[in-house]
Every structure is written in C-alpha cells, then in structure tokens.
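There are two complexes below, and they share subunit A, which is joined by subunit B in the first and by subunit C in the second.
Let's look at the complex of A and B:
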C-alpha cells in the first residue's frame, strides 16, 4: 500500500514536471504578451518529431535533442513573431486567434504530410529500464525527462528573475507603455519572449516524446494539458506554473490508479470546467490587450 | 478598438440592398428548379453537402461572426445532435426526421454546458475550450454503453432510391439553409445583432450602455448549437452509420471556420460564398492532392486572410463598394 502511494506520488511528480514545461511557454506568452497561442501544441508536436528524426537519422540521444531543440525553436518562434504576430498584435483579438488557428492547422497538416498519422515512440537504450528506490519503481526515462524539465523551468525562473532582460520582460508584462517609456525595446523583447515560449514548446515536445507516444494529429491533446496547467497556475508566473503542472500530474496518476485510463481525461476536463467557474478573473492580462 | 476583421452591418442602403437580396433569391429559385429536374447523383449530393455546410457556417456566424467569440469545435455540437437522433432511433425507433428538433435541444444543452463557464469570461477561453472539448466528448462517446463505442450505430434506410435520398436531403438542407440565412439576416438587423456587434467591438462599452453581454452570448451560442444539432441529426440519417471519429471529426470544425473566414464572418452573405468556394475547391484539389495538402493550402489561405484581407470575400466587396461610393460623392456632377 505504502509503495503504491509512493509510486503514484513519484510518477505524478515526474509527469507533472513535463506538463509544467508544456504549459510554461503558453503561460508566459499569454501573460506577458497577451497572445493566445493556440498553435502552442503544434510546436510541441514538432519538438517530438525533431527528436524522433535526429534519433532515427543520426542516432542522437533525445537528451541532446532537448538542448538542441531550444535554439532551433527559438529561431522558429522569432520568425513566426515577425511574420504573424507583429501584424495582428494591434488588431482585434479574433483576428489573431484566426491567424494562430490557421498556423496550427498548417503545422498539423505539414506534420501529417511528413510523418503520416502513425503513432511514434522514441526507443533509446534506457527507455525500458528502471530503478528501485525504497520499493518504488522509477522508470529511468521519466526521471530523465522530469529532471530536464526541472532544469529548464529553473533556468527560466532564474532568467526572468535575475537578468536585466528578464526584468525588462516582466516589466513589459506589467505595463507595456510604462516599460516603453523607460527605454525598454518592446518590439525586440516581444520577439525574444515569443521565441522563448516556442523554444519551451519545442523542448517540452522532446521531453514528452521520450515518455509518451505521439502523432501529428493528436497534438491538440497537449494543448488541453497545457491550457489546464495555465488556467490552474495563472499567467506569466513560472513558479505557479510549476506547481500547477505538479498538481495536474498528481491528479492524473492518482485518478489512473482508480479508474480506466480513458476516464482520466474526463476527470481533467471536469477539473478544467470547475476551475473556469471558480477562477472568474482568469486570463486578466490577456483581456486588457489585443490577441 | 475598431475591429476591421469583421464587418459591420451598415452596408449598402435602399435599393442597392434589395438588389443583393434579389440576387440571392434568384439563386435560390434556380437551385430549387435544379433540384426538381436534375438527375446527376454527384451534383445533387455535392450541392446537398454545400447546403449542409451553409447551415453550419451560418450558425457559427451568429456568435463567431457578429459576436467575435470563435467556436473552434462545431463538430462537438454537430456530433451531439447526430448521436442524439441516432440513439433515439436505436432505442425508441423514432425517425430522425421527427427527432431533429430534439437533437438540436441536446446540442443546445451541450452548448450551454460549455458556454456557461467560458462565456462568462472575456477573451479566448471560449475558443480554447471549444477547441479541446471535442476530444473529451469523443472519449465519452467511445466509452459510454449506450453509444456503442467504436462499433457505432446503424440507421434504418429510408427505402428511397439513391437519387431519391439525395434529392430529399438536397431539398431539406436547401430549405434549412434558406431558413437559417433568413434568421441570421433578421438577427443582423435586430437588437440582438447590434448587441453582438457591440460585444465584438468593445465589450466594456457595451456593458456600460446596458447590453446584457453574458446573457446575449449564452443565447447566441445556444441558438448556434441548436442549429448545429438539427443539422447533425439529419446528417445521421443521411450518412446511415455513425461512429465517434467520423462524427466528431476535426474536419467539420475546421471547415466551418474556413468557410466563414473566407466568405466573410459577420455578414449574412459570408457563408453563402464561403461554403461553396471551400467545398468546390477542395473537391477539385482532391483529384491531384491528398487531403493533408489540401488542408495545408486552406490553412495558408486562412492565415493570409486574417493578416491581409480582413472580412474575406465580403470584406473585399464592401471595401470596393465604399471606394466607389466615395468616388461618386466626390464627383462635382453629383450635385
């Protein structure tokens, strides 16, 4: 019994860490820039396939892909920002939503063209290994993915808290025009911020791909998870997002222990509805500004 | 903030407006005549599908086009309606032609369940939740005992010839399309229409001048879901076999958004233009491309429209007319 609880806790924490990085990019882009990035999970899917391709073609370990994905997706994010977001930033929110929806569909169909709708897994040497700590069985791959996620979140937290650029980004999130008037280059920082959000999605995709099977047309499930984490944790706050990810992970593993696997999703959707009813103020940062 | 993506309803006035209406009535008469004399199965069935999507897109248009609250999951409500009528047939032997209103009610209830928490909030909650909820409903349908999971539900054939069936649904969906278009036309000119446009343009201001924003959004969403449910119920009879993945297909959600955005969201003519354009182009492209390439092309079109052509085809027409009017007014002979 005790070991069962222990394994539920351990599993929940490891999975929760991965959910947290799936959500952190969405949360920051939404909280600081007010951009509702519905294409977030499409970038997560691309991240998984990035690791998949590197592993298949060059035998590159996903751990290395995790770090490689960050700069690659950062660049992609900046490009998307320059091409898309700058044009819809000052327009109505609906216009930006439609553009991002189009981007999501585009990425998903390109993914389907390149990799079909088959479900893929990345099987490396340590995929099916595990270690036993005090009677609790820990899958190595979840431990590694969880540790990478924690590392990324820690780095993000430190970046936003201690560096000048991180402070400027937070200032921009609090009051855009005030930040501009004290000399923050808002346009450039927005591009960096959006790029960082997408970079997080890419790296999260690698971590998810290590642990879960994935396919291009199920990417929207990850949007559901990321959105749940964002709503639970609030916007633009890395520490809260981490906590929310852990809560979601723990609820998922606890629910999975008592009911058939499919119903776990439903528990989380009910949770989503409950939070939406209770947390009325919700996406406050996003309502004040466009898209 | 002035949203230029969606159109206001202050279009052309006086006789010009009636020319537009007369044009669409002439199209309607021509389509009725074709339905009576046409014998090509392919044309009848393709046009029937076009009409079905016109109804769905018009329904989307009410809250999405006029109100600016985008529903990215029309398939949820469409599928709820389809399954409602299929279950009523399977267990009680009731024909979907009779139970279509009940299917609409079931979908409207689903719409309220999703709309009540999300539409109370501003911003993108509604769009995000409608986008991700289809999967939850799919899981539910796969696992509930009375929906028969992945096995699906068979409907009873109508006993008509294939041509007769297609003709029946041709007229059913044509009639519904005309009815719903008239409804949207009426809404556009009613207090509800103005309230929705006010919500889209500036929700705070709308609330200050006394618009009951939340209630208006709930009602608009319930109407839209009801219509989608009715269409779904009839679709169940047309397709004869329901299974979760085809009925709650993302394609349906995607198509409605595509058609509305390309035709022009927030104008009653938008779906009338968007649905045939998207479906006929898709059918033509399907000969040479796979459906994924097709989708990729349409998604690029949507991005381009969102960025550069606010209001879709109707937006272009409006701007062209307005420019012409300005030129006419500027000419000295006018006085």
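Let's look at the complex of A and C:
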C-alpha cells in the first residue's frame, strides 16, 4: 500500500510539473497582457510534433528538442504577436478571443493536413525504462520530462523575479501606463511576453510528447488541462501555477489509480466547477495584483 | 546638482477622446525653464487631458508641443523620458507587487545599458529619501499613501529629468504629506527643473507657482504670475462653480 501511495505521489508530481509548464505561459499571457490565448494548446501540439519530426528525421533526442523548442517557439510567438495580437489587443476582448480561436482552428487543421489524425508517440531509449527508489517504480521518461519542466519553470520564475526586463514585464501587468511613463516600450515588451508564453507552450509540448501519445486534435485536451491549471492557480503567478499543476497531476494520478480512467476527467472537472463556484480566484487567492 | 531645462511650449492644441468632440480647443501654454507653471481650472476644463497630450498618451488632432524648439507631439509616452520629460500620473502609480527598490530601479529603465550608472542613480534616490531605505524590500503596495508617493517621486527622478509633468500630486494624501510634496516641487525647481503642475488644490498650487494658467471648457481663460492670483481666490473658484 505504501509503495502504491509512493508511486501515485511520484507519478502525480512528475505529471503535475508538465501540466504546470503547459499552464504557465497561458497564465502569464492572460494575467499580464489580458490576452485569452485559446491557441496556446495548438502551440503545445506543435511542440510535440516539433520533437517528433526532429526525432524521426534526425534521430534527435527530445531532451535536446526541449531546449531547441524554446527559441523557435519564442520567435513564432513574437511573429504571431506582431501579425495578429497588435491588431486586436485594443479591440473588445471578444474580438481577441475570436482571433485566437481562429488561429487555434487554423493550426489544428494545418497539423491534421501535415500529420493526419493518427496518434503518434516518441519512443527513445529511455521511454520504457524505469528505476526503483525505495520500492517505488519511477518511469525514467516521466522523471526526465518532469525535471525539464521544473528547470524551465524555475528559469522563468527567476527571469521575472531577478532581471530588470522581467520586473518591467511584471510592472506592465500591474500598471501599464505607469510602465510607459518610466520609458518601457510596452508594445515591444508585450511581444517578448507573448513570445515567452508560446515558448513555454512549445517546450511543454515536447515534454508532453515524451510522456503521452498525441495527434493534432489532442490539443483541445491540452487546452482544457492548461485552463484547469490556470483557473486553479490564479493569473500571472509562476509559483501558484506550479502548485496548481502539481495538484492537478496528483488528483489525476490518484483518481486513475482507484477508478476507471474515464472517471478521472469527471473528478477533475467537478473539481474545476467547485473551484469556480467557491473560489473564483483559484486555490491561492491570487489575482492580477500578485504578478 | 543643477539641471539645465529647456522651454516647453504648447501651441493651439486641439485634442479629445472621441474624434470631432475635442476636450481641448486651441490651448496655448509656455512652461519657462526652471520655473513652476501651474494649470488650474474647474472639473472638465481639460487640465489632465492637456498633460496626457504633452506626455504622449493622447495624440493631438491639431497643434504643436515643442521642447527646446523640437516638436515632441508625435512621440509615444515611452520616448518622452529620453528627452528628459517625466510624468507623475494622477493617483497611485507605484507598482504594488514590486518592492520599493525594484520600483525605483524601474525608473531607470532608460539607463539599463549602463548598470553602474543605474545602480548609482538608485543609490542616490535612497540617499535622497532615507526613510525609504529600511522599506526597500517591502512591496510598494503594502506602504502608506505618503510612502508610496515618495517611491513614485524617487522613481520619477532616477533618470534625472529636466521637465516634470505632475498631475494632482496631493490627491489622497494627508495634509502633512501633501505639504511635503509641495516642498519637494520647490526643491525640484531650485535644482533647475521645469515643472508643469496640474492641480485641484488651488491654494497650495498657487503658493508654489511662478506662473498660472487657468483653463475653462478646453480653452485658455486667464493667466498671469503668482501675484495676480494671490488676491481673491475665492471669487475665482466661485466663478468656476457659477455661484
């Protein structure tokens, strides 16, 4: 029994870390810029296929793809910001939402054209290996993906906390006009922030692709997971998003251990509904002021 | 530390938030270098709107804003500080979740390429406002109104601006703290900075003013040096209120 609990905890933490990285970009873009990026999950899906193609064509390990994905998706995010977000950010929020929804549908459709709806997996040397620690079996691939996710979340947190640019991004989320009056080019910094959000999505896609099977239309599932983490963690706070990811990962793993897998979604979405009714700011009580 | 400030001139400004419905209808103004120029007027006269135009937040439909002879009307707000123009907005503008020192440091965003200079500028502000030093790691949002205003002023001065645009500096402050803020404005003037002050506190503003402009319904009403306004202030305010 103890071993089973240990396995659930370890699995839940590792999966939770990956969920956290899937949610963190969405949370920060929403919290700091006010953009509801429903296309976030489409970039997660593209991240998975980015790793898949690099592995299939060049035999590149997904660990390397994880680090490559960050700058590639950062650039893609900046382009999307310049081409799309700048045109809708001053319009009513519904227009932005419709634009991002359109982008999500477009990316999923392009993904289906390129890769069909077949489910893919990335199988590398360590995919089906594991180690035993204190009687608890730990899947190596989950350990690696979880560690990569933790590394990226830590780097992101440190960037926002300790660098002048990170502080300027936080300041922009707290008082946009005051940030402009100290000389911050909010348009430029918003492009960087959106790019970072998409970079997190791309890297999250690589980590998810290492652990779970994927296809272009699984992105809608990732969108639900990412929003669940954001709603649970509150907006724009890296530490709270990490905690929320861990909660979702642990609940999912625990539920999957004791009931049929289909019920796992029921448990998570009942939890989501309860949170929305009882505590709309998420478990942490975090709001935009905590950015 | 003496600052060399340029002349700020505003000519025939027409501006508003809805095209065809201007708030400002041809406003003219000169803020002399190293002086405090005050803009007064009843609610809705266009005082804050004029500051928004000068600070780049609201592009004018017509007119020119000149700083030392160069037109700055088309510059976006973040470029103004490069020309030595800094804005202290109305109400609370400290970044509440950032610490005091992080707030002050962000005031030097335009100095970021020279980290040594930025550090020295932040240190100079902590020395100028020593009561902020023990609070430097506290979140600005957790401070009192007066302390937050001190953070905002310290942040304003980090890039050593020559022109200060100040919008309603005493709103929400206790009378003692408000008095200190006006004393600070006089200190800025003595350092050679040009100050353009928009205020509702007529008496306090006139006390520190060198020159006063009164706006009414988006137009220049009366203007003159301080002595012209020190007489019957009550009559002027009653005139605004129409009683």
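Operating definition for what follows: the second predicted complex is superposed on the first by the 279 of 291 C-alpha atoms of A that agree within 3 Å, B and C clash if a C-alpha of one lies under 4 Å from a C-alpha of the other, contacts with A are read in each partner's own complex, and residues count from 1 in each chain.
Throughout what follows, contacts are C-beta pairs under 8 Å (C-beta built on N, C-alpha and C of every residue); 3 or more make two chains touch, one makes a residue touch a chain.
Model, not experiment: these values are computed from the prediction.
Of the two partner chains, neither subunit B nor subunit C is touched by A:259.
When the two structures are aligned on the shared chain, A:164 is found in touch with subunit C, with no touch to subunit B.
Residue contacts after overlaying the shared chain place A:131 against neither subunit B nor subunit C. After overlaying the two complexes on the shared chain, residue contacts for A:239 are found with neither subunit B nor subunit C. In the superposition on chain A, contact of A:174 is made with subunit C only, not with subunit B. Once the two structures are overlaid, the count of subunit A residues touched is higher for B than for its counterpart among subunit B and subunit C.
Judged by the touch definition given at the top, the superposed model places A:184 against subunit C, while subunit B stays out of reach. Shared contact residues of subunit A with subunit B and subunit C: 290. In the complex of the two chains, the subunit A residues touching subunit C come out as 164, 167-168, 170-171, 174-175, 177-186, 289-291.
Remark: subunit B residues 1, 3-6, 68, 70, 72, 117-118, 120-125, 127-129, 131-133, 135-136, 139-140, 142-143, 200, 250, 254, 257, 261, 290, 292-293, 295-296, 298-300, 302-303, 305-307, 310 touch subunit A in the complex. Subunit A contributes residues 36, 38, 84, 87-88, 91-99, 101-103, 105-106, 108-110, 112-113, 217, 220-221, 223-224, 227, 260, 262-263, 265-266, 269, 272-273, 276-277, 280, 282-283, 286-287, 290 to its touches with subunit B in the complex. Listed in rising order, the residues of subunit C touching subunit A in the complex are 55, 57, 76-82, 86-87, 89, 93-98, 102, 105-107, 109-110, 112, 141, 155, 159.
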